[in-house]
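The structure under discussion is supplied below as structure tokens; questions concerning it will follow.
Labels run A, B and C following the written order; every chain starts at residue 1.
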Amino acid sequence: MDRVGVEERAATLGKRSIKTTAKQQGIRLAVSMVDLTTLEGSDTPGKVRHLCAKAVCPAPTMPEIPSVAAVCVYPSLVGVAKEALDGTGVRAASVSTAFPSGQASLDVKLRDTEDAVAAGADEIDMVISREAFLAGDDARVMEEVVRVKDVCGDAHLKVIIETAELGSYDHVRHASMLAMEAGADFIKTSTGKAATGATPGVVLVMLEAIRDYVDRTGRVVGMKAAGGVSHSKAALHMLVLVKETLGDEWLTNERFRIGASSLLNDLLMQYQKTETGHYARPEDFSKE
Amino acid sequence: MSERLQVKKTYKLFIGGAFVRSESGRYDKSGDFNVPRGSRKDVRDAVAAARKALPGWAGRTAYNRGQILYRFAEALESRAADIGAERADVEASIDVLVHYAGWTDKFQPVLGGINPVAAPFLSFSVPEPTGVVGIVAPDAPPLLGLIAELAPALAAGNTVVAVLSDDAPLPGLDLGEVMGIADVPGGVVNLLSGRRAELAPVLAGHHALNALVNASGELAAEIDKLAAESVTRVRHTDASKDYATATADPLSRLEALTELKTAWHPVGA
Amino acid sequence: MATQEQRTSIVWDYAPAPESPDHVRLRDSYGLFIDGEFEDPVDGTRVPSINPATEDVVAEVAFAGAQDVRRAVEAARAAHPAWAALSGLERGKYLFRVARLILERARELAVVESMDGGKPIRESRDVDVPLAAAHFFHYAGWTDKLSYGMGGREVEPVGVAAQIVPWNFPLLMAAWKLAPALACGNTAVLKPAETTPVTALLLAEIIQEAELPPGVVQIIPGDGAAGSTLVREPDIDKVAFTGSTAVGKDIQAALAGREIPLTLELGGKSANIVFEDAALDQAVEGIVNGIFFNQGHVCCAGSRLLIQESVADTVVSKLWNRMGRLRLGDPLDKNTDVGAINSREQLERIESLVASGEEEGAVRRSVACELPDRGFWFAPTLFTDVAPAHRIAAEEIFGPVVSVLTFRTQAEAIEKANSTPYGLAAGIWTDKGSKAFEVAAALQAGVVWQNTYNHFDPSAAFGGYKESGFGREGGMAGLRPYLRVAS
């Protein structure tokens, strides 16, 4: 990996000019890819229910805006989400494995996952052991992913590599490969709790890793960009990266997700602007 | 008919890109104005601000630093009438800024280069900014005396804490306003008025200062001794009287505020 | 010839994103810029300059005749003593003004550059115009530091500089020529290329706005004959030419016996070398940038791709895939990657050489793009199974065509890269620094890019070995051609 080259390419793709119909369509596409997330100590069933309502119908005044892809919460609230989302097509996703740090025994991490699956999670977002990775213990990193995948049952497994803690693009690529080879259904940039998240460079490196893995094995693995994607411009940049690295067949929430909380309202505001030509007020859209 | 009453200016220190009063609350008189009498804590704050601004300033491209210094010249030219210094002093200062704006991306090939070592290595030497530079400004000329040392320090990628002249601090303090319109990032230049005999020793003895330029013609021995405690680099210089003296031997001014880094890399796979 | 495989259906595409030309203010007709004014040609003509993407007229310009060339040289001569006598600082201030004005008018200049020459707006906006301003800014800062740049020697200007620039980077090449010449105290007569005179004329307006004394710069568009006349003028002191090797040789011959300093920046057939230990995805970006930037109309284009055999299939596959993402079309669309070919003549040259490639047995693949009906277009093209002796491997195509050759060892790569009369640039892709530096030392090329390509900076010298020319532009070395040691 050459850092200067990666960042130049990622930045050049950020210069694509997305206007008018392309912008509207891109925003709708981005909304459909959002994993609407709340991972706060202060989350309650009430808050999660409000969030699920918003996830299913983000903008009642603009019915052409689709539902998001999933709602992502802590294991203790997955049951609430599952019930609220029943029959809507929006998936209930849960973090697990002692999210966000992953600093716990494997047994605890597996139990955490089992709880979430039992509560009805359709998707599990786990974290790799950065402690093992940075110590060079690739085997242990992979072993944990394999064991977690085992207890997922039918649930899809996303593996968070926490790019901010890995230190280099080479490490990002390497961690991506380990996760894919261990059976990840999706690889994901970040927990959203670290200093940086889905920067364009990191996303590009992971998409290229997926490209090489798919070419070699034929198995499709999806990508989730999370952390720091708070404005529409950043989200559209992600779509450009996906389109021009992997191709249009990857522009679907079966293969690409954006983990976000405040992004959704910015997408709605920008969408409204493309419709009316005027800038919206943030208060026009509810937070939940 | 009664005259319109002017809104009088309040002079403040310039630290971290903001105009602040001295934390000591003390003041001195300078003509019709009260001027903050800076304290050791103000020096401490200024050095902290300069240190904080250093990675951002040193990390910009040389071209960008040159553009900012040129814009500083543009800004000073447009505010020339407001700065309380003589026209000749201001014009010489503007020209010195233009001169050093042109040095930012040129001193490297002149001071550095490739070392043709007698072994299969690529070896090169690069002059890098020394870091936070203290400047003790002279009494005269009030503006050029400061700019003649400020410009090379900035051109080389350093950030600055300047102790202004006791007798003529106003043009120096006005410079803070000029920098505000010149895109000079906050903390890159910090300006302190007060008593040189009080502030210069604090600055010289501050371990986080990398170098100090003393253009005041005073306190040389005391400064040297204090600087020695942390091996701070010191340069004593006469106050520059005009453009010619301010730009005579620019390489010495630049070189004194850089560190030469030599790197080696094998050639041959 | 194979075209792009059937693409999967488009889910989301970019809508047209045209850069508006509404804010551009062009005259209907431009005179010759001589002695500070736009003047009617005395024995020249007026000619339309056309937009190669649409074949519409951009503006009418005057082409200089022989007498006009003479007048231009006379004006430069007359203005020289006063210009040379100015202090370095004052000369520098004029050039700083030009740099700032270029940035103030940046968007307009970028749009006109794309209209007149065919290159994508993204390139003229992000590369040509900013670099042109940077060159003026950089050399403005040398004016009062010349002896530092010349090893401490006392120096003086050479006098009147005759400068001829090509059509591939019209404004930028004008900046590369004028900035160092003026900084060193010379006056200049610049002849822009036949097909791309307009941005040079806007630069003339900027020079007026900067209040440069009349006669310091003349800008006189014209055809090849005007250039030929210019270099034969008796009262010039220096010639600088960027263009084809063939014309460069003519100029060198024309100056025989005159002891006039000459700098030539000519053609190339540069090797872009990818080793097996390169970061392959970034190498592919570098290959694309190396040959499709500016439609391959680049003297230092990486037109010969040398790939280590162990990774050749992978690299070619990734490259072909990547080429399929190139967007060819309206140069004024912000999402266009590949613009128009500069002229009908150039298009015919490219087509002819590409045909020869197929005849000689190389395998051609061209991206399946929709080419507009009007204008001059050529789809990005990749040749494999290329032998070093093929014309497409030896001759400069100056178009969006890359020829792939393979090698097995480092020594073979170096030998293949050097087997050419040209020597302008080269690219080296490897993760090993020690290999990169060793190969760089062995290549007969004036510019060696490691893990990148087509990067330029006013502080970094640029120029060729062998038949790619001599003399350097940029950096301290760029001062030398415009100075003589004081007697």
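Throughout what follows, contacts are C-beta pairs under 8 Å (C-beta built on N, C-alpha and C of every residue); 3 or more make two chains touch, one makes a residue touch a chain.
Everything numeric here is computed off the predicted structure, so don't read it as measured data.
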item	value
Given chain A and chain C, the chains that contact each of them	none
Most remote chain, CA-based centroid, reference being chain A	B
Whole-Å gap between the CA centroids of chain A and chain C	44
Distance from the mean Cα position of chain C to that of chain B, given in whole angstrom	40
For chain A paired with chain B, centre-to-centre distance based on mean C-alpha positions, whole Å	48
Complex contacts: residues of chain C adjacent to chain A	8-15, 17, 122, 126, 279, 281-282, 285-286, 325, 334-335, 431, 451-452
Contact set on chain A toward chain C in their complex	1-2, 4-6, 8-9, 15-23, 25-26, 29, 208, 239, 243-244, 247-249, 251-252
Footprint of chain C on chain B - complex, ascending	62-63, 66-67, 70, 95, 98-99, 101-106, 109-110, 122, 243, 247, 250-251, 265-269
Residue numbers on chain C that touch chain B, as the complex places them	89, 92-93, 96, 100, 134, 137-138, 140-145, 148-149, 410, 430, 432-435, 437-439, 441, 458-459, 475-476
